[in-house]
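Two complexes follow with chain A in common, the first pairing it with chain B and the second with chain C.
Let's look at the complex of A and B:
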């Protein structure tokens, strides 16, 4: 670990990705994630990597498909409308079981929406996003430091499960500067070592396997019996991910909680402030923050409901999406309420506090 | 200790930079900081603002709705955010661009002709450094030495003359609130 630097989330995730061994990056600019692509344009050549500003989001994700098929650490990034354009490619990458990292610095929608922070992409991000039976592992940071830390985690998870991993941030996390401390950069030897785990299936030429070109990267399986086997194998993989990769944070969760909140990403920062203010007034409220939104930490959210909790309130910057997962987690034990803010606007700690007080 | 700072002005006046230097210096002094700019489709001559939080404790929400320190470099900023300053807070305004005063009795108000002073120092660009001097002079949020060190680190070789003007502007700002 080095010393702390003050950086925007967009720049921090780019720097952290390079340090985590990303040497191929393909993207198309879009606000509010453009500092990410700018940073990559500047720094990737210095890291002896490849940067391409593709002609479109569709082209960029298909370049990612190609590089991932060669077992390389590859990343793309965009913001909501651009992520929608990439969904066909993401489905192909998931179908072909390739490791890749996709960053979504989400903004207001639907359609072109606006360029302010929003969480309207939750359903898309946690339910695969494109066509077919698949999931992407989806991590949702709530600080610049966590955003940066997720780079190496995302690449490791993508490698481990041969599955696309999405980091779901938003305009606020992308634009905000906070102190960040980076992990040491992987050496070229360490990167090669990471990539070698893919040599038995990928298309990268290497000394171990002169017949590399006989490996097939494909998401097409025309025989239904064969496709059935393939999709069932994917299903087993998703079960394994659900079992092993739930991540969450408990904030002020204890047996004396009067109420439990659930929020992720930027919204969770606001809820934390409200919980702190309520604490000063002697009111005891906790929060479970899902860090992985797929797999969703159902058990951990349910476990956060203490003996005195009469209600769970979910806070999101959308019309109510994660609240469906929270309801599945709580399973009727106590009522689940929802407060949202849309249009790229963000609720204030005072708004959240007033909502919580309605139920105390 | 927690400071919720809002700096606002016309694009190009350096409001975002005020926040950046305060945040960097506070970070160097071991504080928790966040810097959140307004961003969007602004027209030329529109306003830009930044929310900065400096705190001894971890920062939950980085959004500043009710600042205890406001820097208004132009009249629209003063009109928009002046009424939101927390009682007991500090408001610093640039009189060259703010003909109308705020006139609140429950906060400390400082007025300075920042464009004029900056021109006298030798470069109108350093007007934001006067505001920084006034902030740290009044609140002691960060020390002058930390700012000098940070500014020197990247300006000493590149433009020593500009560095000197920047430091002079900070000191002048500090003197204004003595």
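Let's look at the complex of A and C:
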């Protein structure tokens, strides 16, 4: 670990990705993630890495597909409208079971929306996002430090499950400066070791017979019986991920909670402030913060409902998306309420506090 | 006994899935023969398209990636950048390359990616059943231009070599035809040049094959070749557009 430095989230995730062994980055400019692509343009050549500004998000994600199919650590990033364009490629990456990392510094939508922080991409991020039956592992940080820490986690998960991993941040986390402490950078030897785990299936230098290989990177199975087998295998993998990779944080969760909140990312920071203020006034409110929004920590959210909790309130910067998962988690045990803010606007701790007080 | 002709090492022993009289098999074989002759099979990776040649990843006996429709040059860019020690080629049809993949081919060429693109132009969408392609000829009847391609309504066919020839970066651009043994021998020379330049890391190389589609044109293979000679070659002239290695 090094010393703490003050950095924007967009720069911190770029630096952390390079330290985590990412040596190929393909992307297209879009606000509010511009500092990320700019940092990569500046630093990748210094790390003996590849930076290509693609002609579109569609091209960028397909470059990621090609590099991932060669077993290399590769990343792209964008913001909501650009992530929509990448969905075709993400579906192919999931179908071909390639490891890749995608960062979404989300902004207001739908359509062109605006360039302020929003959480309107939750459904897209947690339900696959493109065509077909698949999921991306989706991690949602709520600080610049956590954003940066997720880089190595995302690459390791992508490698472990041969599946795309998305880091779902937003314009606030991308633009905000906070102190951040980076992990030590992987050495070239360590990166090679990580990449070698893919050598039995990826595109790489070949030999003559009898050691000749014919590796196909592909999501096409024209025979329905074969496609069925393939999709069922994907399903087994997703079950394994659900079992092993739920991540969450309990904040002030205890048996005396009068109410439980649920929020992720930027929204969870504001809810924390509100919970702290309420605590000073003698009111005991807890929060479960999903860190992996897929797989969603259903059991952990349900377990957060203490004996005195009469209500769960979900706070999101959208019209109410994660609240559907919260309702599935709570399964009718107590009523689930929702408060949202849209348009790229962010509620204040006072707004959240007032909402909570309605139910106390 | 002496073997005078055999399957190139760079092709697998799978039977091609192409229609009788289709020239994809010829194009595949030319590429595979050249891979053998240049001894690059073990350092070569290919990208298959979406279209009739979608299964090219099964036919070429090297590591292969199957790209989404039109995206092969972007996938190849990622592969080449990930493995600069290897040679990368794409194999694409006219719908794939000249319609949905227009942005990808132009920008890969414009970056001067060190890849080779093989472009098979038969003026029609084959696999989906004979729809109009960006290279369908004026007046040409297809299932989506049943009254003939109306150039006032939908425009003229795109000449891809000419388009790419307006860019600075490409190293080698040639259009060849596969309509007779003499033309096939000439085509092989172009394939060899493209893959040799690729092997030598000279830059972006591009070979277009003027081909046929007997099935969807509704002709027997010989008639299809005559039709292509009379109709396609006047519009898509077989010529070398660019050879920086000769300059």
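Basically, the second predicted complex is superposed on the first by the 352 of 360 C-alpha atoms of A that agree within 3 Å, B and C clash if a C-alpha of one lies under 4 Å from a C-alpha of the other, contacts with A are read in each partner's own complex, and residues count from 1 in each chain.
In the analysis below, contacts are C-beta pairs under 8 Å (C-beta built on N, C-alpha and C of every residue); 3 or more make two chains touch, one makes a residue touch a chain.
From a predicted model like this one, the values you see are computed outputs, not experimental measurements.
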Chain B versus chain C as contact partner of A:58, first or second or both or neither: second
Which superposed partner A:216 touches (first chain B, second chain C, both, neither): second
Per-residue contact with chain A, leading partner among chain C and chain B: C
Touched partner set for A:146, first chain B, second chain C, both or neither: neither
Touching partner for A:175 - first (chain B), second (chain C), both, neither: first
Of chain A, residues touching chain C in the complex: 24, 26, 50, 52, 54-56, 58-60, 62-72, 74, 88-89, 92, 96, 202-208, 212-220
Residue numbers on chain C that touch chain A, as the complex places them: 12, 41-43, 45, 47, 54, 57-58, 61-68, 71, 74-83, 85-86, 103-104, 106-107, 111
Chain A residues within the chain B interface of the complex: 4, 6, 31-32, 114-116, 171-172, 175-179, 269-270, 272-273, 275-276, 346, 348-350
Residue ranges of chain B touching chain A (in the complex, touch as defined): 20, 23-24, 27, 32-37, 39-41, 59-63, 65
